[in-house]
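Worksheet: one structure, shown below.
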Amino acid sequence: MTATDRKPEVVENGAASSRATRLLGDRRLPVLVTAALFLAMYGGGLRRYANYGFGEPQVFLNLFIDNGYLLVAAIGATFVIMSGGIDLSVGSMIGFTTMFTAWLVERQGLPLVLVVPLALGVGAFGGFLMGYVIHNFEIQPFIVTLAGLFLFRGLCLVISKESISIGDASVGTLAQTRVPLGVGELSIGALVALAVLGAAYYVLHYTRFGRRVYAVGGNEQSALLMGLPMGGTKIAVYTVSGFCSALAGLLFMLYIQSGDPLHAIGMELDAIAAVVIGGTLLTGGSGYVLGTLFGVLVLGLIKSLITFEGTLSSWWTKIATGVLLCAFILIQRTMTARRKT
Amino acid sequence: AKEDGKSSDSPGGGSKTLTLGFSQVGSESGWRTANSDSVKSAAKESGYTLKFSDAQQKQENQISAIRNYIAQKVDVIAFSPVVVTGWDAVLKEAKAAKIPVVLTDRSVETSDESLYVTLVGSDFTDEGRRAAKILEKVLDKAGHKGPVKIAQLEGTTGAAPAIERAKGFKEVMDADHADDWKIVVSQTGEFTRAGGKQVMAAFLQSNPDINVLYAHNDDMGLGAIQAIEAAGKKPGKDILIVTVDGVKDGFIAMSEGKINAIVECNPLLGPQLMDVVQKVKDGEKLERWIKTEESDFLQDQAKDALPSRKY
Amino acid sequence: MTTTPRWRALTRHHLFWPVAVLIALLIVNVPFTPDFFSVKMTDGHLYGSLVSIVLFGSPLILVAVGMTLVIATGGIDLSVGAVVAITGALTCSYISDQTDQNALSVVFLAMGVGLVAAVVCGLWNGFLVARMGIQPIIATLIIMVAGRGVAQLITDGQIITIHSEPYKLIGGGYWLTLPFSIFVVAAVVAVTVLLTRRTALGLLVESVGGNAEASRLVGIRSTRIKIMVYVFCALCAGIAGLMISSNTSAADGNNAGLWIELDAILAVVIGGTALTGGRFSIGGTVVGALVIQTLTTTIYTIGVPTQTNLVFKAAVVIVVCLLQSPKFREKVFGARRSRNLTDPAPAEPVLPAAAAPKPPKTSTEVSR
Amino acid sequence: MAEPRPVLEMTGVVKEFPGVRALAGVDFRLFPGEIHALIGENGAGKSTLIKVLTGVYPLDGGTVALDGEPAEFTSPLQAQQAGISTVYQEVNLCPNLSVAENIFIGREPTRAGRIQWKRMRKEAAELVDRLGLDIDVAAPLSSYPLAVQQLVAIVRSVGTGDRDAPGSGTKVLVLDEPTSSLDRDEVLELFRLMRQLSRDGVAILFVSHFLDQIYEICDRMTVLRNGALVGEHLVRDLDQVGLIELMIGKALDQLEELHEHQLHSGVGELLVKAEGLGRTGKIAPFDLDIKKGEVLGLAGLLGSGRTELARLLFGADQPDSGTVTIGGKQVSMSAPNDAIGAGVAFCSENRKTEGLVPDLTVRENIILALQAARGWTRPLPVAQRDELVAKYIKALDIRPANPEARVGQLSGGNQQKVLLARWLITQPQLLILDEPTRGIDIGAKTEIQKLVVSLSEDGMSVLYIAAELEEVLRLSHTIGVLRDRKLVARLANGPEITAGTILETIASGAHQ
């Protein structure tokens, strides 16, 4: 007999249970569950706050408008996390970008068309530098990017301790432009974020670079031995994250039309949380960028629900956020849990 | 979450009671909490429905809260801006929805004056100036001679009160005391007691000859007092202390002679705010800036003022 | 430079670079504070910069020591800052409710209450991570977010000031002329070291962190071990919370322990423990925490303008990490040994491949 | 006729690790179209030579020339681009990616930069088919057993070269113990492929501890001992005995001994009884009993479910159905602890992911299981620990014999020995050995087999799984035969049972 005809047939198990096991084994399950839970949560909000106007489509679209920058930042973080790393400099980089652009536009009088590529370039270069150090000197990403967190936040303050308002007309129009969608409208920021999402999806699933990111995250040592440009991939991933953070910073700047040295403090945790809630493993190599979208939406929805509740005092806000997060994660976990193998 | 059973009686502006949407900065300090409490209790007294949200120090949260208030069609929106810049877009939305906006606590920079009705609050820069002025009195009283070496405990770097309190103080100092006063060290104590204590301990090591401390809030001052005592010096005597805010613990320390003067920054804006809200709703004309009533206290006033401190 | 074997062995020691950095940082202070190293008696206790570094650094050391074990199992605990706040808040609010705040029984009971709360937080974290299999960063994020709310709920958002002399001792008092916190830290560190190195706990923790699946297959009850380390970490954070609140005799639910988790993780890493889990070093962590505290003190004393604090901190962190990286030292200092062939061990004579290799095409037929 | 120019020539290669000189001036030549064996004991330096060649480690001395041109690679990528394709000793693939991706990653078929998934899967399926494998290439690699993964690694290395640089085909193929967990059939397929490649002029470097395989496929060989070159020979010039003597540096006598070994008959009362034990999709419910002192061998083809069966008996996976009774007591098999508590030990075939903790030392890895059983509060006394560790380092000849060495730095074979030592010191009642001799050199292999025999003589039951049928036949009292994840037969071993009988049983799938 030859080896060829040893096709394994699944032994003695009902079709139903096999479908269940197949579903449980499917890597897309966490994303599906997150999406389903998000919808359930949204439905809950609808029932509870129906006569407060929660049901209006615009409230849903506001989730994108109000979290567009977070989505972009989280997409950058997805690349890094997928490759098995972590980027803590996201929040600082966003703050820095708002400050840097505001300073260039307002204080130095540079036109926006020049400032935007400059800011993106600086962000990408910052990410590149961190990636370079992480790869070439084999220092843990957590620490390098933590230093990045300090550095960029520090640079914000070096530029100016005070916030800088942006009066530039083009910024104003960009910020206030709304694109009608029939049922509601979206801001430029939200559209850019969705475009970035599409691009990230394409890159991760249809380019060699994207697959290398997964490979490096799956097993760095193996990726190296398989002859993949491991260093290049790692550096590129941090560059992407730096770029995304800078872009998120620009969107954030559009959102609030100012630069402030204390903007976006701690947003890296939001970004990481969004990625993880979306079903990506922090150990790398597994996850989908679509999950990140739902992660961001869930975080945004929690915030919205709390404002709609409107009766919570400061600390109850925090507690409620924690409890909702916890409930979400526990339900998600029970729904995706496979039998222990 | 809790059941909001009577939600049906107040949605939208249709019913009789007035709905106020209030977005607070956060709950980063006792001062802020007193501020929130004051607003809440005043709203209750006035019989308004209050929609309260806490932005956790994040402007984006505040913006989305305001958007939500707009969506909920509240009657008046009030908020304490996290930062001064970047409000145009959302305020324009409010204006478009014909919801009047009242600022509390601090102002915003905006291109269009009509975006908000009025500001109820204090002026941090002025507090800095007042601190410098009262320091003159303190020095006088203590009979201080010779150069004045000041250590400054700043608030959180980049926060508006920290910047402006430093600015106002420096303004007066540069104008009136350019040659005899000098800020020898200045660091951030993050507005906390622990921060104040640690930073002061380090100051006392590197500059043992400091004789005046200006702290941007009471808490840092209280922490610093402990550090001064640990160094074997007497707060209020060897080192003269001026702080801003006027929380209860500060007054206690002042009555014990450990703080020499306090510049009050009053968080109890609630009643004033409700007044303003009522007037806005009634369509009355208001000043652009309604200052809160505040005063400065020296040691001899401490004992009398202490029982009336609420927070 | 001398490159005696002794020196080389020394530089290879895992604590060499952290300690070197610590010493360098201490020395940087001298031009700015000439009597930086002097320690004098004031009011019957020792006083000086070194004493303050230890005093103010104690909570960080404690938190970092707890964090070390969590990190060694391949986890991370973001909730320590919130636990610090909760413990301080509970303890102080309990004490402040009592009529006699100086009674020892009150203080002990209050500390007990606070620490029990810390342990509960640890159990919850451990449950989520070990039992439910939730990723540590997100599992502990829950308490990080909600916990501070709970602390504020307890204190009503205010700062609770207490006047309890015995309670003041633990984080701000002196004993035998030394800050009492030194003794607490020493005790906790000693217990940790004993617990991990005198029992098999350390080995099992490192094994779980090094290869979780292999550990499961050798029968290590990793669930239990993980719950234990999260509880231990929370307990350490709780003690640190007691210290922080005792140091200022006040509980600040809003700010106590804010961002201490980042500093603690930084300390652990500077101390040489990898964030991926596995090998850990308690001694390294203590040194790492001291480095961070010294850095903070240095910033205060050398007159760095406030707006550049963070840039300065970033620069130091980067330098420390670069120095610790063998790759970096190799590339920059050219520490790589010259690649000469001193004794290529001639050993056996090399047999030539009997003439040319046979032409490959014909001869590879193999009989079966 | 002039001597042809070697495609690869390494001269005086030196590689040092802290405290170990892994290669001390090794010369090595590889000619186009030859299949060349690299032979040596565990820890001799074979894998290190390969890693130095392919740029995983920097050279500490010596030169490498490819096609007569000096070449020193600083990363596997460079080596690959220069035409050296490598399968490293441990399976080094990405378990989270699909089989197809593992084969093609880095050179996926693209159109305008867009990966053509369909085409990639199709080509992958064809390549896999060439090795006689029939698997779903879209499934994640981690869902396949180690042997399949090893085959995938081979498929990847012999794949079509770099798509973006036509003509850059493989010149040198390096295979470091590719056959260590393959069955006979797969080995034959592999050899067919290797011959085909060598006919196309590819030079193949082949490492294996199976001397039969070397004699079957190789033209020439290079022998290493302790990091030094001890000889370069034509295979036909050197017989096995001579080769072994060259490898170990002394005359050999033990090999014969084992061949003549008689199975002892001291099989006692029933120890383990499994009834209806099974797990959906993994292995059909089976009944099994093992007596005290019995060696039960499992035979089956690749993926037939041997490992799955063993894992169920150990509680590494939770069964869907059935019960296990050990020593008369029913044991709940919900976690490995339960099985360990009942005296079962399981030495996994996958030492890298399921066995060793690479950052810990040899000593720590050895005592891990024993310590886990004692619980964390009762550490093994230092003296007893050191004595035990020293004993097993010696007994299994673990090199370097340094209990402080990090396990991750040991050679593959020595790692395997550490894993064995870990379970031997727990003195279990039932020892499950899943491919215990994977990657172990010929000397140590005999040693281990003798050990199994003597353990069973002392009353320990052993469940023995090995890819080599002969090995199973030699050691077992009873042989369980699996097919398609089903236990199809139990044969009492005896002179009439041969590899042929077993293969027949598998083919017919008949019940006894």
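Each chain carries a letter (A, B, C and D) given by its place in the written order, and its residues are counted from 1.
Following the convention adopted for this analysis, contacts are C-beta pairs under 8 Å (C-beta built on N, C-alpha and C of every residue); 3 or more make two chains touch, one makes a residue touch a chain.
Since this is a predicted model, take the numbers as computed values, not measurements.
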Of C-D and A-D, whichever chain pair has more C-beta contact pairs: C-D
Averaged-CA centre spacing for the pair chain D and chain B, given as whole angstrom: 70
Distance between chain centroids, defined by C-alpha means - chain A, chain D (Å): 42
Euclidean distance of C-alpha centroids - chain B vs chain C, Å: 36
Per-residue overlap in chain B, given as positions that touch at least 2 other chains: 27, 33, 36, 157-158
Junction residues of chain C - those touching two or more other chains: 152, 157, 306-307, 309
Chain A residues counted as touching two or more neighbouring chains: 157, 161, 314-315, 317-318, 320
Touch relationships between chains, expressed as pairs: A-B, A-C, A-D, B-C, C-D
List of chain B residues in touch with chain C within their complex: 27-30, 32-34, 36-37, 154, 157-158, 185-188, 190-195, 197-199, 201-203, 205-206, 219, 222-223, 226, 230-232, 247, 249, 252, 311
Complex contacts: residues of chain D adjacent to chain A: 56, 75-77, 79-81, 86, 88, 92-97, 101-102, 105-106, 108, 110, 113-115, 129, 132-134, 140, 143, 156, 185-186, 189, 280-281, 283-285, 301-303, 317-318, 335, 484-486, 503, 506-507
Chain C-touching residues of chain A, taken from the complex the two chains share: 133, 136-140, 142-144, 146-151, 153-155, 157-158, 161, 269, 272-273, 276-277, 281-282, 314-323, 325-326, 329-330, 333, 337
Complex interface listing, chain A residues touching chain B: 48-49, 51-53, 56, 58-59, 62, 66, 69, 156-157, 161-167, 172, 175-176, 252, 255-265, 303-315, 317-318, 320
Residues of chain A defined as touching chain D within the complex: 1-13, 17-18, 21, 25, 27, 205-208, 211-212, 214-215, 217-219, 221-231, 285-286, 339-341
